[in-house]
């Protein structure tokens, strides 16, 4: 196939955006067909995505600017809404697709009441579409819009079961989201006020490090950190997870939180990189370390399986927050964030879906009473374990590569900075090591009952999809360990501020 | 990188990985198919390793490379040293599988057991065949993950506690190793193992950093090699069923640590640089202390498997001691002990398993007069015990012989003192059970659990006797070409940059 | 071809032992003694200096037969054969005889192999095989006394082996990696190597100070076992010395003096301690210690006078042959004494044959003792070793006294045979007893046939007067010092001290065990668990506290300010 | 003094003040309806900042900012509607229109002032 000309790529980007919007609209229009639309549409969308990745990789070397920019409706950059497709975006799209597909196949068996399906599928497709558009959008205001779409659909999905806990959790999550989005919007407004333009790439060129840009950065990063459940602002995650259906918590922990960090990374690479002062590095480092320790301790204490997984997300997000101080000292190591997002996304989705299966089978997910079910369901425990291994960052899993890159970046950063920063960076490296030890502890807590001697009963019936999908995702997380080189290749074609 | 060579390496790895995964999904009651899968896998691996052995002896190169990340590649390579460990583990896997099938007859959760058992062996062979340090650490960690379920197989609270302790030790060591490997990767780039080390070109002011990295690597490997003070997981792990403690805790896992130390000193730093950085001196003292400490603790242990565990703690340090001497004879002694200790110790563990399974004997006290009712197993125990003490013509003697000469060659006579003291201590804790077994009157006569044609289930007895013969032959026929000693001399001739002043007795102290 | 003959000598008993232990049913017991026959034939007919190297066995095994080796081989093979035949009958109805003969064959293999070994590894192999399997013989009767004696024997022989191993290592290193015994001796092992070799082999040779296992082991072991133990096995230490010590042109003055001193001291003290013993076998044990002292002196002299080392070493070898056979005969005599023939004529012949080896030990002219002592003293005419010559002759008095004491104690056990004694029981004893006369006859014949060899002075005066003096002293002692003789020296004298030492160390080790595996103190562990519970509760409270919505918004505000401050205000 | 009243500067500062006021209301108030109101106030504060920016200088107001404000208002309206729906549902379920602490604690001590 000859190298694709740029305009076919533009067509592909447009098609991706169209599908991401079209499917949810279609599902909302015919809710009773929503399940079939989802189950047919998603695989097709993913095939298209894979084709787009192929096209992009062929064409990318030839193109001068690493990204494909498409002005919607023919309106060009300063005024119109532009789509921005580059390596980073494609990677996140791929992750979205994988977790969404697995979630959908899992949800097929998980939600089987007609009413449930009519409500679940449209929202599920909106969440997936929203996240896709978030990744594709290239200007600040469009980001706000897609952020809202994704957040509101996520909140709705959390409230799906309709019991008091679910609605309370959803309400709290909604207020968090509104707060975060509004502060993001205020930040965007300040940027627009200062430079009169909203497109990220143009902003990147214009941005200096004046006070308003710093204020905008603080507002936007603050809002996103809250939506990404970073340490002090993480409480909503556990309550949201406690009662959300398994595929939703899989998507929530796996994708929504990772998308927030994608956004922080995108803003960082394009606009806010020069603002990276040592003080910010120390603050983010401390937040990250605190998240690691606090999340792990809470995970060790939590009485229920899904809450252990939720707090494990808080801990793992600590890893990504720890990556930023290292990025400030060693900017070239930014792919670490994507590796972590990818590895954690797959592994955590696997763990949460496995937890869902166990809860469905046992009727509850109280940790101290799950022994018999865990002992009977080898496949689910294997998925739980394999996903856990990736979370621990033990070899030949995605997590291992991410931890390798983070440690490598940390050691490199520690090598050539001032002595104080060396001490701090050394602390971050030690915290990363401590993090994986604590991860071992709480993963062991989840898996150990399966190995203890005792009676076994498989509990209630669980559909085939719910048995095999967590295992497939866990194997995916492990297989990612071998795919490190190709992911790095993809991420090379990303627009980074000059 | 010739493609078919790489394929052979992958085939060897897959020959235990694929059946392992298949067995996982095998329903529990399909005994016949599981046994068939197990034994055929072990057989195929043995044949493939044999082909590899002949290939390497002819001097062919086998390599397989895969880049995980830019600057980080997953390399499998087969050189003489890796064959030593690979052959040992594949032979012993075949025997231990047979033993395990017999031992676990009628016990629950066997699919899970044999699944993880095959994973362990593929990890061990992976360790043997790994071509660079990062691949070594990857397999090293996979071995941890694969052995944990076997340690907790019985599911009793003590087993889980032992499992927790084991995981705490090994995951921490894995982290330390990973940090050291990354630092090395940054300094010297992703280099394959090269005999004589690949860090010689680094400037001198880096020596301080290299020393720290070296110590970190040794500490990381010391956990699995059960050096002081990182050894206490091994006696606790004896809670595992006998085939696990036999193959894994006496041979595969413990050897992986020792093999790691050998690789670090020889193929990463090179003996000369290691000596300059005084890594060898640190290791020497550590190994010597462990030898004595292990023996003293073994003297106190009353449970047979505890005593064997502490004896393993002490004996594995012989390997570290040998390599740390940096002279050719010392290295030969250390490496050959890697095989001899494996064979002798697995014999002892099989016997302990036999006693426990057939007569329910767990304590040394209960071994009085067991020779009358289980003469063949007791004979194997005697061969193992005398081998451990290092009496000719058993295998232990040969390694003690070369270690002694190596010690004197390195002008470190005190090591000879340590070896002598250790032999005395070994005699002190191995002779009493042997004497009690043959000569003493049995206190309480317990009928064997179930009537069998031989003194115990044939699947338990024949592997034990086979391995006892294996513990005798390398000592008796040490001069042969393909005997462990002959192969180790081939390794030393082919690979080692010998520390000047050390002359080989056959005059071939050649650098690569 | 000759390699397999030489290897066959130690291999045959091993194979027979394996056969015995594997197929207990059809007991090939009859063949046990004849396992030593090939060794005897090899000693008699084997051509000189037959080197057989087997590179594939162990670390390259060299077997060979040199003149001294031939004499030792003859002694060892002959004694094992005789003792084996005797044991067949003596152990006839012992239920555990199969186990006895397995250990018997293993020790025989070790002893025979030891004589042929020319390289360090095989020497050490056969030496430790002999030592460990001899333990089986000592403990055979499994009485309390046998267990105690065997434990002491085992502790000492393990120590001896480890010392020998360390000594060999050092010696091989000094010999630049050469492992053949000749090369090691040529490289004159110095310092630590020499001390360790002397001590390691000295324990087996019953050197003074390390001798105390002998008087305990001999009475505990069955009679054929102690015959072989005393006759052939302790000679292994002597052979080891002769093979490894620097017996070359330069000799070694210091070591020579030490050995001569120790030898003579052992000769006199051994005899003295033997006199104070009651049981015949213990007396014979002390006699062995005393005689080994004489042989040690011979080796010492060979080191002191390097010029005269060939005749001296040959003399020591012959002395070992003489002592081995005589002592073996005396041990078997202890058994025969209880089974005397009924007809007076036969009885007198038997009594005569019992007494003959004793007198031969004392050096009666025309006996092998005279031959050995004469050969040993012949090179000592020069004045430098004057005192040694006289001391050697004085030692003969001691030996005579000891022999008289033995015969006196044996007199009480004489008894006519209850059942007809099978020939196999008395014939081997009679043959080796007769050797005391046959040996000097053979020596005289070879001297006549070959002109070069001087006629051995079998009737030298210096041999006669010590015996007479001994007889006189014996008679006097018997009458006057009856009560002095009454109080006993505990058997194995120093052994009592050694046993208490072993008990003390075991007790100490059990009580004081600083090296207990680090276990958390129970109280500490309880406190740890409570701390865990408290932490768990606090964590849950803190988390619930943070979830309250108001606090969350405050935290959000704070983090916004923190971010802005970090970016804007800080440097 | 006059310039300070010019919409270009008055509205942004007014907007910022409203944003802070809304945040304070969100912290103090516990009743869900009041909290939703607070969020709306914050929203309108942000829109005032946008309009202030649009009206800067004496040129005709910049159409892009106005378009953005309109979109923002649409989003705020839909979010508020959703929040109100949730509150009604919550009130029907628990009888309180107040956020009870989540299911974190094991026992249900829904302490009133612990919202």
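In order of appearance the chains are A, B, C and D, and numbering begins at 1 in each one.
One rule holds in what follows: contacts are C-beta pairs under 8 Å (C-beta built on N, C-alpha and C of every residue); 3 or more make two chains touch, one makes a residue touch a chain.
Note that the coordinates shown come from a computational prediction; the quantities given were computed from them, not determined experimentally.
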Practice item. Average the C-alpha coordinates of each chain, average all protein C-alpha coordinates together, and give the chain whose average is closest to the overall one. Key: B
Exercise for review: Go ahead and note the Å separation of the Cα centroids belonging to chain A and chain B.
Suggested key: 43
Check your understanding: With chain centres defined as C-alpha means, what is the inter-centre distance between chain B and chain C in Å?
Key -> 37
Review point. How far is the middle of chain A from the middle of chain D, if each middle is the mean of its Cα atoms, in Å?
Key: 27
Revision key, fill the gap. Here the gap between chain B and chain D, centre to centre from mean Cα coordinates and rounded to Å, is 67
Point to revise | Residues within chain C bordering two or more other chains | key: 540, 543, 547, 549, 553
Revision key, fill the gap. Where chain D touches two or more other chains at once, the residues are 23, 26, 35, 99, 102, 104
Point to revise | Overlap residues in chain B, where contacts from two or more other chains coincide | key: none
Point to revise | Pairwise chain contacts under the document criterion | key: A-B, A-C, A-D, B-C, C-D
**Study point:** Residue ranges of chain A in contact with chain C within the complex
**Key:** 172, 175-176, 179, 183, 211, 214-215, 217-219, 221-222, 225-226, 232-233, 235-236, 238-239, 275, 277-280, 282-283, 297-298, 301
**Study point:** Contact footprint of chain B on chain C as seen in their complex
**Key:** 21, 54-60, 99, 121-122, 124-125, 128-129, 132, 139, 142, 154, 158-159, 161-163, 165-166, 169-170, 172-173, 177, 192, 509, 513, 515-518
**Study point:** Parts of chain C lying in touch with chain D, wherever the complex brings them together
**Key:** 540, 543-544, 547-550, 553-554, 557
Study note, to complete from the structure: In their shared complex, chain C is touched by residues of chain B numbered 232, 235, 293, 296-297, 299-300, 375, 379, 386, 390-393, 397-398, 400-401, 404-405, 407-409, 413, 416-417, 419-420, 423-424, 427, 431, 435, 438-439, 475-480, 485, 503, 505
Practice item. Would you pull the chain D residues touching chain C in the complex into a rising list? Key: 23, 26-28, 30, 35, 99, 101-102, 104-105, 114-115
